[in-house]
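Take a look at the structures listed below.
Okay, so subunit A shows up in both of these, paired with subunit B first and subunit C after.
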Partner chain A sequence: MLKLLIEKELRDAFGSTKFVVTFAVSAVLVLLAFFTGAQNYHTQRAQYEAAVAESMRGMEGLTTQEYMMLRPLALLAPEPLAVLVSGVSNDIGRTTEVRGQGMLVAEGSRYSEQPIYAAFRILDLSFIFQVVLALFAILFAFDAISGEKERGTLRLSLANAVPRGTYLLGKYLGAFLAMTLALAVPLLLGCVILQVMDVPLSGADWGRLGLIVIGGMLYLGVVLGLALWVSASTQRSSTAFLVLLVCWIVGVLVWPRASVLLAGRAVEVPSRDAIMAEINRFQRQQFEESLSSLMDIIPRESGEDGPSAEAIEEFQKRQQELADAREAEGSAFRARVQEDRINRLRVQEQWALRAARLSPATTFSLASSTLAGTSLAMKERYQESTLAYQEAFDRYLREKSGSSQGGGIRIMLRSGDEDDEPEELINLQELPAFTTQPVLFGDVMGHALLDFGLLLLFNLISLAGGFVAFLRYDVR
Partner chain B sequence: MFTTLLLKELRLLLLSPKYIATFTVCVVLLLLSVFVGIQDYQATADQVAEARRMDEQLLLEATSWMGLQTRAYREADPLQVFVAGTHHDIGRYTPIGRREIDLDQSPYMEDTLFALFRFLDFAFIVQVVLALFAILFTYDAISGERERGTLRLTFANAVPRVMYLLSKLAGAWLGLVVPLLIPLALAVLLVLVFQVPFGGADWTRLGLLLAYALLYFTGFIALGITVSALTRQASTSFVILLMVWVVFVLILPRVGATLAAQSVAVPTVAEVESQKEAFASATRSRFIDDMRTTLATRNAAMESMTPDERDAYLEANEWEWMQEQDRQRKEMDAEIDAHSRRLNEEVRVRQAVQERRALAYARLSPAAAFGLAAMTLAGTDVGQKARYEEQMDAYRTDFMRFVEEKSGNSGGGIQIRLGGAGSGGSIGGGDDESLDLTELPRFEAAELSLASYINPALVDVALLAVYAFLSVASGFVAFLRYDVR
Partner chain C sequence: MTTTTTQPLLEAEHLTKRYEDGVLALDNVSFTVSPGQIYAMLGGNGAGKSTAINLFLNFIEPTDGEARIDGIASHRDPLAAKARVAYVSEQVRLYPSFTAIQNVDFFARLAGKTSYTREDYRQALLRVGLQPEAHDKRLKGFSKGMQQKTGIAIAILKDAPAILLDEPTSGLDPKAGREFVRLLQDLRDEGKAILMSTHDLFRAKEVADMVGIMNQGRLVMQRTRDELHGEDLEALYVRYMAGYMEG
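Let's turn to the complex of A and B:
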């Protein structure tokens, strides 16, 4: 029975112009998203590699006396999935100048560098699912019940021994299957495009992409269920459509924005400027202190060639000890002043996202960006990677030059006879290379689980609502 | 006759359930957007004021002109309450000092949470929601009446088709203007209550924004009637219109930008920065090498002298040498600066080409044309960044000149002069007293004339007018040929 109903739905769907037109449009969009995504990936990759090469070239020619002047850049590499689900990947800073010690600030987001894309945004897979396909799903299912009633076919169907529950389930599954089949072709072609255009995706990446698509289908399931519910609660299909359109506007366009803006503003977060000013003040103080303390221990000239080699070595050691002490003090200070802000940001994030998740569109958007590694966690991941790199870089510096960068001012002393030695260049091959922590499949899956659960729950709720409404529906 | 028709249209529309739904949605959304916009504006303005105050404090605490630096902030424009544009995507401040101008740290970079779902503003609502409502009001204007059979009845009377269509247009237009104007009037009240500093020019700009919005949705209303007059069934015309809306509003602008990104490659800032850095360090090391050679020649010249002669020789030449060295350093700085500027210029040219292409593709859609015109009007357009950076660069020149005059040194990074034995050290030429900052130039963004908010977007406004005219004209043509049976 159910099978028969589903078959009928499928036949109806593929026979209707509406369905064919909307899904032809979505097929074109999906293919376009994959194609431009793959191209974008290569452009970004090329730019990234050029920037890395330039940064290495900029450090060439430094001699072993100049370890203190090394300023490697930690550049965030483009990720293949980020072009399909952009998330916040275009909003966060992608360049960090790394010093051996001290605070690191990421600079230069894509949108701030090229505001034209900020003005128009980017067409990606998650946008197509979240906005366009949701609208098409509504267009496809709004008259499922009320439309059949208007045409009089509902009465005929139910004149047979068809349980209402089965009928509704048939409608839901039929519509869902039709959409899945219609989308499967362009999605598979999109994967072929990624392959053909040499976008390097690992097995886990494919798994994540698959899960993103599954999340998208779950989301469309919610929309379909909701459409059936509204359709089974109204007598005329035009009313059903109006209600659904308002739901779509609110759920997709308004609620995510409004909830984050309102809930986010409700939590007071101390401004970054205040913290930066405090840190600046502290650093300046440290700078002055460090200078005077260095003056106290600086070796006085003895003889014509300046201080002896032993005196310099002694001085360097003392200087390093002082610098380390100051650096420890400095980082403790920074951690203390930033702690409050970080905690409040967490609270703000929690509240805002909790409120936003009431809309299935937001839930899907969060799930997909988490899976693609472009959620808010991306910023943290990059920050942590730069901090880890800073440590590695600091170790490298201490090993090579015996001292660190930072802790206020340094004074370089040389004894007179060193000048004649041939200058040796720094071997940049030995410089540790920056890598971002990879997105771990298990990790993101764990974070996306909540959203997947919510999407399933929304599915169940909308179906249950649809059943209740349809059981009480006057089919005449 | 026209009045009768118009009144009939309005009565039909105002009493329909869809009107109540759209009216409520419009009022709630517009008020919400303005409320959020005001909050955001005030937060931005407070942040700038607070940051400036703290910078001032830091300046007061400074004890030396050497290496003095500060920041210049981008200011909030009151009209960003209505059109946020690229405000959240562009950097908030740039350091002013030795480093080059770089407007960085956008609001979204700092508070990434808000970047997740972007902003809700008046322009977005008009661009997306109001356009959808315009379609909803008109999709069954002709084909719906035909289906219900009322079209035939109407034309059994002596009604000219043109007048009938005009009344349809005017009815839907008036019907949509009301849910726009009422919340907008309330929004103006909100602006006054929250004391957003709106000057005379700002009110004019707000009025113009409303005019752009009207022009924009006139096009969509006429388009709805056109498609309705081209189809036999209301449901068909609705599907077609919805597709057109999706393409115009959601897809074309994005695709335009995405395609343009691929046709012109612009080097990233990191890449350019590294190029600059490489050039600067090469120039500096050349300068140091030159210094070493001159020093060596001078030392060689003094080799054969007696100590007394040497002292006299040094006495005679030292000042000149210092002057020369200073001049050379200035030359080096100028060279590095010129190179950076050239690189920046190159990037800017490429970016301009890319932007032009993106705009050309995107402007096929009236929604993009409206968005661009609105952003230009609010000063939150794509060119905002370049505009600010130019002003900030000019300010940096002033600032550096002032600091240089005060410190009497052009500065080549930090210089430390070690005093005699036991005297400790001092940085640069300063003493420990705080500086006299009364004459220090402060950054103020230039007031833009009204024309500069309007002229750059004239193309877009003209395009909006063309789109509106085309859809009205095609509506007439289609309806004159319509089979009313």
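Let's turn to the complex of A and C:
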């Protein structure tokens, strides 16, 4: 019976112009997303490689006397899945100038460099599912029940020994299967495009992509379930369509933003500028203090030749000690202030995310960006990578030059015969290379599974709602 | 079939329906239809004919009394009751993107009839007067009458002991109407219990074994074919409608 109902739904869908046209359009969009995604990936890759080369070139010609002037760039490499689910990947800074010490600031997000993209955002797979396909699902299913009623086929069907629950389930599964089949073709073709266009995807990447698509289908299932529910709660198709349109606007456009606003109201977080000002104040004060203490120990001239070599050495040592102490104190302060801010941010973020997940559209978008590695965690991942790199770089510096890049007064000891020694260049090959921590499949799976569970729950809720409504539906 | 002639297949017993808005659409109506019998329910618009049929199909719940099919009260065990009855509604439109064969095939299998062949479907469609060249055409281009015929074929294919017809002739032209009457007579001869609502006095008189006249939810007159013999049904109809108004 269920099989028969599903078969009928499929035949009905594929025979209807409305369905064929909407899904031809979605097929084009999906293919476009894959194609432009693959293209973007290669463009970004080229840009990235050029930037890496440029950064190396900028450091060429430095001599071993000039370790302190090394400013390697930690560049965020483009990731293949990020072009399909851009998430925050275009919003976060991708370039970090790394010093041995001090705060690192990532700059140069893609949107800041190509604001035109920021103005229109990116048409990626996640967007197509979340916005376009959801709308098409609504278009496809808003009259699922009322349409049958208007044709008289609902009466005719239910004049048989067909339980209403079975009938509704048949509608739901049939519509779901029709959408899945209609989307399978462009999605598979999209994968072929990725292959043909040489986008390097590992086995785990394919797995993540597969899960993103499954998440998308789960989300469309929710939309279909909701459409059936509304369709079974209204007597007229036009009313059902209006109600669903409002649901779509609220769920896709309004609610995610509203939840961020609400969380912003609920948890206060000092601005970044305020924090920077506080840190600057502290550092200025610290610097003044250390300067005066340096003045006390600065070696006085002991004869015509200036301070003795021992005195200078002593001074250098002392100065390094002071610098180290200051650095330790400073970084402790920075850490404290920043940690406080980050904690508040986390709380705020968590509330925003929790609230936003009440909309299935957001749940899907979060799941897909988590899987693609472009969720908010991407920024942290990059930050942690740059911090790890900073440590490696600092170690390298200390090893090579014997001191860090902390601030301070540097006294260059120049002996008369310096010109005789050939200047040795820094071997940039030895400079540690920057790599971003990879997205760990297990990690993202854990998070995504939670969202998948939530999407499943939404499916069940919408089905149950539809069932209750349909039991009371006037089929005449 | 053993005791089918004595046991009525369709029974309305004190059937009463008051809609949520207070309209009393059916007021204590009782009648029976036995196998091999055609019952014509006559009445103007709003008389309560569709309400009675919908009660048999459990599309609505009775306020009082019950509608039984083969002894099963529809509102108690709707699935069992509906398994025993075929239904033709007024203005069937079916699935426009399916062919006539695909439509009848879907509904036949929905009714649990899985052993039909394509040839059986063709036979059924021919029997209701749908020309062979239309059998494999999509219903999109079908006239009202052709769709109605397809709907009747669906009811025949269900092969249930009872048939409910709600103004089945409304979409048919006179020729098709005449063919339909013959078809009904065949079905009766096969032993089906047929309940048909109509406001077509002429056809009612032609085929009905029993005629009931409904007015404002009440069954105001009920006569067998023999009792009607020689009487002018039209005059009776007008008289009963008027009489009811007075009373």
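Rule of thumb we're sticking to: the second predicted complex is superposed on the first by the 426 of 476 C-alpha atoms of A that agree within 3 Å, B and C clash if a C-alpha of one lies under 4 Å from a C-alpha of the other, contacts with A are read in each partner's own complex, and residues count from 1 in each chain.
Operating definition for what follows: contacts are C-beta pairs under 8 Å (C-beta built on N, C-alpha and C of every residue); 3 or more make two chains touch, one makes a residue touch a chain.
Note that the structure is a prediction, hence the values are computed from the model and not measured.
J.: Who does A:Leu139 touch here: subunit B (first), subunit C (second), both, or neither?
T.: In the superposition, A:Leu139 contacts subunit B only.
J.: Considering only touches as defined above, state whether A:Gly15 meets subunit B (first), subunit C (second), both or neither.
T.: second
J.: Quick one: classify A:Ser292 as touching subunit B (first), subunit C (second), both or neither.
T.: It touches subunit B, and subunit C stays clear.
J.: Should A:Asn343 be classified as contacting the first partner (subunit B), the second (subunit C), both, or neither?
T.: It touches nothing on subunit B or subunit C.
J.: Among the partners subunit B and subunit C, which is in contact with a greater number of residues of subunit A?
T.: Higher number of touched subunit A residues: B.
J.: Using the superposition on chain A described above, determine whether A:Thr435 touches subunit B (first), subunit C (second), both, or neither.
T.: In the superposed model, A:Thr435 contacts neither subunit B nor subunit C.
J.: In the overlay, answer first, second, both or neither for which of subunit B and subunit C A:Val162 touches.
T.: The second partner, subunit C, only.
J.: Once the two structures are fitted together, what part of subunit A is touched by subunit B and by subunit C alike?
T.: In subunit A, nothing is touched by subunit B and also by subunit C.
J.: Any idea which subunit A residues touch subunit C in the complex?
T.: So the residues of subunit A in touch with subunit C come to 1, 4-5, 8, 11-12, 15-16, 150-153, 155-163, 474-476.
J.: Mind pulling up the subunit C residues that touch subunit A in the complex?
T.: Residues 50, 54, 57, 59-60, 79-80, 82-83, 85-87, 89, 91-98, 102, 106-107, 109-112, 138, 151, 154, 158, 164 of subunit C touch subunit A in their complex.
J.: Of all residues in subunit A, which touch subunit B in the complex?
T.: Listed in rising order, the residues are 18, 21-22, 25, 29, 32, 36, 39-40, 43, 46-48, 50-51, 54-55, 57-58, 60-62, 73, 75, 87-88, 91-95, 105-109, 111-123, 127, 131-132, 135, 139, 239, 242-243, 245-246, 249-250, 253-254, 256-258, 260-262, 264-265, 269, 271-274, 277, 280-281, 284, 291-292, 294-295, 298, 300, 345, 348-349, 352-353, 356, 362, 365-366, 369, 376, 379, 411.
J.: Which residues of subunit B touch subunit A once you look at their complex with the stated criterion?
T.: 17-18, 21, 25, 29, 32, 36, 39-40, 43, 47, 50-51, 54-55, 57-58, 61-62, 85-86, 89-91, 102-106, 108-120, 128-129, 132, 136, 239, 242-243, 246-247, 250-251, 253-262, 265-271, 273-275, 277-278, 281-282, 285, 351, 354-355, 358-359, 362, 368, 371-372, 375, 381-382, 384-385, 416, 418, 421, 424-425, 427
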